[in-house]
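What follows is chain A paired twice: with chain B in the first complex and chain C in the second.
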Partner chain A sequence: MQEFRLKKRVAGSLLATSILALSMAVLPNGAAAQDSDLQGEIRFSWWGGQVRNDKTDRIIQLFEGQHPNVSIVRENADWAPYWERLTIQSTGNNQPCAITMQTRWLATYARPDILMPLDELVENGTLDVSGIPEPVLNSARGADGNLYMIPHGVFYFALMYNEQMAQTAADAGVAPLEYPYTWDEFAEYLTAILPHLPEGAASVHNMGREQDAFVTWVQSHGEDVFDGSNVAFSKDIAVQWFEYWEALRTAGVTEPPEVMISDNSALIEESNIANNRGFMTNRPPNQLGSVQTTVDTVSPGTTIGITPYPVGPDGTVGMDIGANGIAIGASCDEAQIPVAAEWINFWTQNEEAAGIYESDNGVVSIPALATAQAEDPDTQPTQVQHIELYQQIIDTANPVFWPAGGYQALTDTLNRAYDAVAFGQLTPEQGADQLIADLQQQLSQAAR
Partner chain B sequence: MSSIDAANDPVLTASETAKSVREIPRNRTGSALKKADNRAAYMFLLPWFAGIILITALPMLVSLYLSFTNYAVIGLPSFVGFDNYVRLFTSDRRFITSIWVTLKYVGFSVPLVLLFSLTIAVALNRGLRGLAIYRSLFYVPSLIGASVGIGLLWKEVFGERGVVNDILALFGVAGRGWINNPTFALPSVIALNVWTFGASMVIFLAALRQIPESYYEAASIDGANAWQRFRRITLPLITPVIFFNTVLLLINSFQSFTQAFVVSNGRGGPVDSTLLYSLYLYQQAFQQLQMGYASAMAWILLIAIGLATALMFWSSRYWVFYGDR
Partner chain C sequence: MATVKTYDPELLRAERRKRENIRRLKGLGLHALLITILGVMLYPVIWMVLSALRPETEIFGDMGFIPTNWTLENFVRGWQLYGDLTFTQFYVNSFIICALAIIGNLLACSMAAYAFARLEFRGKWWLFAIMLGTMMLPIHVQLIPQYIFFLNIGWVNTILPLVVPKFLAHDAFFIFLMVQFMRSLPNELEQAAIVDGASYWQRYWRIILPLSMPALATTAVFTFINTYNDFFSQLIYLTDTDRMTVPVALRLFLDPSGGSSSFGGLFAMVLVSIGPVLGFFLASQRLLTKGIATQGFK
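== the complex of A and B ==
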């Protein structure tokens, strides 16, 4: 009997300890103590559309509910104006305390007079980076080795396709595309599927001018895109890229250049894939949910799937991945730093916040949270696809270190070079020469 | 009150007027009065001076300094002498492209706007009923033409599935993505600018209404036909207004930005076909963050506009008729 009581007491203690441990694990770092002393106001900036704004607002309300003496001023903008505004703010030393940052842009801002180096805050435990994989964390370091942001989401680029069109082609005898597939197999499939598409529809959006596709091409052929602030890829690889898309274009597999340009900047509701004018395109998979919602309205009954980019001839995966995170502005007042740090901890570590955000801006960087989201029956199926594909490619992806101004430079120069090739103004060789010369010029200018 | 006013004032007699003049303190001589008047004038001008110094002159001086520096917005500028200017002319292919695109834009836009506005003004000057309504209708695009909204509308109108192609389809003509094709993109932007001819038209209309009707009557009696009356009477008499409109349009066209920015999503494409000078300057300043380089471009633009305007003034002596010379 006494033995039973002891066992019961031990079991009770274990249960109490387990509950305590579980509650500590579920609650955000620092929130276990409900830090009522935390007070102050900080500005938090992010980019994105209305859906992301709503989710962010809910997370802020949740945080402010847990910290009644804290106020977060919302500063949101669309993608391009976001960076322009941050630049102007940085010039005037008026940047927000908490700044959403991206690895592709980090090199431009990763300086101690603009962003606060965070290593010390991590070392003394003010910032909690537990669970964030080391490679993801290291991608948030600047050229000087300092940690400048805490990643909360890992993003990648992939291909979206019309599942019904794929099924129609499969029913007609076209062998489905099974990952991993090479670029040549990809082209063969797109050519084979063309006769089975609705009249006037192209098999694929012309990606000759798309930098994320080009980066994948370069890396899957064993070359680097950048070497510091220099162009690292060869002329041959650029020539082959232009020739690849020109061959598909002249065969009618992809659209004419005018359509390519308009589809490149089209809203999703006007895009070819949403209107059954195209089978496949490249869009960030974190937009799959909003794309599907739009497609449900524009073309009811159509479902959109995602698949990775092709691999190189020897199976090399060339997909780039990047991270979005939160940085602390160098102009942030010392009294505001604890608030900013707690806000970052809440955003990156809190399961409820992660659940609200649903990996909207990249798959949540902590694998356990990503798995929890994928397994949660309340998570939208499109987000589950997004997370599952991420888990499929994360181990083989090849992150690019983007130099200062590199993202903008590659986007601009590739657009111009391939447009000139597609409109017949330059040969692929001349286009490659122009691409490399212009890109090098812009990189050198940014590095001056 | 001036002496004339005082003399005419029925309340003041001549002796009172003389007394009031005598009461002026001895030390308030004419120059003292002048100084007081000047002070008042300067006080009234102070806001304007403050504006021109703080908002125009000072930023211009800073921009001139920055044009000799490498200044990436983030961080401090470093002096590089004439390096920016040298690089612009020796190693920047797009800078040269932007000059050519701008010259084409100005070269077509300015004459076309003048032609359209003068033609419509002449048509409206024929004593049409409801002139005010027509004048307002033609003027409206001038008010809204440079707006982002109209740029977006133009993008839709000339787009792949735009109204222009719908109309062409009615006649069995296959359309295309006008603004997405390097051959037609710049003409589409020029067409948008020409559409905003209303401001020039109103000025032309005012000038046309100043020409005495008797000149035309006399010419008609002498057997002049409509073209001869226009060529020999109207055109010479409105040359000062043509000159005025040309100078204004020239300066505005060199600085055109919004329409090309909107229709090309800020890229100046396709294939740099709409890369106007101001758009490239903007890209350098706010997309590539090369503020020193962009400042050098701004000063080159200022000098170019100054030279073009000076050339217009020089040429005006040969073709502008002021009537009093």
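== the complex of A and C ==
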């Protein structure tokens, strides 16, 4: 009986705890508003790891310090969950007011019922886009021509290489690779450098399955990747791409296919280049600092350099650039729009904020701020390299307009097609047929 | 004339010793094999533990298994995720959700199970079949309608979507598990209570529930583990960083999009986050084993 009473007491306490916790859960978490010109609360979402989160939080604190009646609710997540959550939020029209967006994914969300068209806010001066280069700003437009985000960082893919391995090869008589170089010159250099690399190291990561390299190849050969929601490149260009990498692979210049896949992790710490298992790979240069940090522990004294992708036979540059920026959710309340706009202005234009962020998610889009960062003696040398290479390629780069679902579709279909070619299941011709057919099917499905 | 077979005691002893040696050798071999398999299985865990205790720069740089430098820095930096956010907050959030989920499942699932196992009512088998059928619905089918429903009633960014369904017997698996257990309880116990004038509630609360302790423990343990590890629901329903839970927060150490990842902090916090699951499992291991054994899930 005593045991029963005890159980009753435990059950009672548990019930009380539940009620208390449930009541706490439904309480609003708003901030107390004070008198100020600008006031209100907005939700801001972004993706990133611990370092970027910390920087973002410091910028938010700076903004809130300058606008005491404004509160920014932080919503952050890791890369993939970020997009999953945003998609679900968008279906319920519950997307945050300020949404970090990327040009490669923009087409999926660039609709007036998901994101607010920003042209009017730019025209009436609410949003300040001064200093953002026109091509970068235009890359933030949707298929309907509306501006859907304000870019704050420009990113690009380039090639990273081990400078000491390059020097060893140069000392042995291999002529250094001077930009601009064509794809053929690039292949000749990689083949020539192979005998001078440490045992087991490959000259280059096999980029046959890497869509960033493929896009550069297509554009440097004078073709487009997409035409609206259609595949625009020819079968020949895809066949040549597969043959190019198959020739390098069979000559032992790249790693074997199984290593190509297992080492294709997006995490820097697991990459070939950071672990001295390869001379060159394709990576976004904003990772240079992290790669260098990892290399410093594996092989002290080794330094990593960056260089642009090869150019086409006639010197055409095919490099794609993308931008990260902030969009305003269509569900954002009218009263919240001034706060969201001021937050975007602060993020893109404020020198102190740019200084905190240090081009963490792409080179800061305003050239004057980028130059100031590059010239700041406190800026990491790897970050200076990142900014300088950006300044070198920005005028000749050829931004791709990614259709809805296009980025993921090209990544998946190219992976599948080239993997099948590299493992001997398909010929380059069959691989190209499969790539174009699968890609077109996925694009058409996403466009529906 | 019958011959008497004689045994040499020395020979017998030698034979016994031989058999004993073979048995010991077999046992030794078997243990060696099991220890090797255990080592292989535990290697990633041991590697993670040791990585959490070495400086971050040495995690991928130092090829040695045992760290050359030992540090607790990863725990300190990992606990302080960024800004004012610490894992203290995430643990509090996780534990509140887990506690409520357990209470909800224990109460609601046991009541539903009692009805299915011990009561007779019209349409019982149809309802039971429909209930089992809900287990076959993939989460992706329910995700968007559920989200919109909870959004419309203002529950998004609160813990309500994660706990209220538990109080409505939402987990068909646990109902099924308890139905199986309750069916095995002798009818005579309940019949005796009926003779004494016990109501349905009294029979459920005083007879069936105390006897179903192993099944309740199994439900509690699995509810805790499932809820504590649940990533996706907590990601989409708890958007504000202050309301994040442990599994969502753990993902914030890595940045596969190209930024810096913090593996030291990740390993340290993963190690800490294993603690509650392990502790809960060990504390209820006896009941759990009994529960599984008596429900035919052998």
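The rule is short, and it goes like this: the second predicted complex is superposed on the first by the 411 of 448 C-alpha atoms of A that agree within 3 Å, B and C clash if a C-alpha of one lies under 4 Å from a C-alpha of the other, contacts with A are read in each partner's own complex, and residues count from 1 in each chain.
One rule holds for everything that comes next: contacts are C-beta pairs under 8 Å (C-beta built on N, C-alpha and C of every residue); 3 or more make two chains touch, one makes a residue touch a chain.
Quantities reported herein were computed from a predicted structural model and do not represent experimental measurements.
Colleague: Please tell me which partner, chain B or chain C, touches more residues of chain A.
Modeller: C
Colleague: If we overlay the two complexes on their shared chain A, which of chain B and chain C does A:91 touch? Say first, second, both or neither.
Modeller: Both partners, chain B and chain C.
Colleague: Quick check on the superposed pair: does A:230 touch chain B, chain C, both, or neither? Answer first, second, both or neither.
Modeller: The answer is neither, since A:230 touches no partner chain.
Colleague: Going by the contact rule set out at the top, does A:80 touch chain B (first), chain C (second), both, or neither?
Modeller: Both partners.
Colleague: Identify the partner contact of A:262: answer first if only chain B is touched, second if only chain C is, both if each is, neither if none is.
Modeller: So A:262 only meets chain B here.
Colleague: Please work out whether A:296 is in contact with chain B alone, chain C alone, both, or neither, and reply first, second, both or neither.
Modeller: Once the two structures are laid over each other on A, A:296 reaches chain C alone.
Colleague: For A:114, is the partner it touches chain B (first), chain C (second), both, or none of the two (neither)?
Modeller: First partner only, chain B.
Colleague: For A:54, using the defined touch cut-off, is the partner it touches chain B, chain C, both, or neither? Pick first, second, both or neither.
Modeller: second
Colleague: Which partner chains sit in contact with A:412 here, chain B, chain C, both or neither? Use first/second/both/neither.
Modeller: The first partner, chain B, only.
Colleague: Of the two partner chains, chain B (first) and chain C (second), which one does A:448 touch, if any: first, second, both, or neither?
Modeller: first
Colleague: What is the shared patch of chain A, the residues that chain B and chain C both contact?
Modeller: 80, 84, 88, 91
Colleague: What part of chain A is in contact with chain C in the complex they form?
Modeller: Listed in rising order, the residues are 4, 14-15, 17-18, 21-22, 25-26, 29, 43, 45, 47-54, 57-58, 61, 73-81, 84-85, 88-89, 91-92, 94, 96, 155, 266-270, 274-275, 283-284, 286-287, 289-290, 293-294, 296-298, 360-361.
Colleague: Under the touch definition given earlier, write down the residues of chain C that touch chain A in their complex.
Modeller: Its residues touching chain A are 57-62, 81-83, 96, 99-100, 103-104, 143-144, 147-148, 151, 156, 158-160, 163, 206, 231-232, 235-236, 239-243, 248, 251-263, 265.
Colleague: Can you list the residues on chain A that touch chain B in the complex?
Modeller: For this pair, the touching residues of chain A are 80, 84, 87-88, 90-91, 108-109, 111, 113-114, 257-259, 261-262, 265, 405, 408-409, 412, 415-416, 419-420, 423, 425, 437-438, 441-442, 445-446, 448.
Colleague: Quick check: in the complex, which residue numbers of chain B touch chain A?
Modeller: 70, 72-75, 91-94, 159-160, 176-177, 180-182, 265-267, 269-272, 283, 286-290, 293
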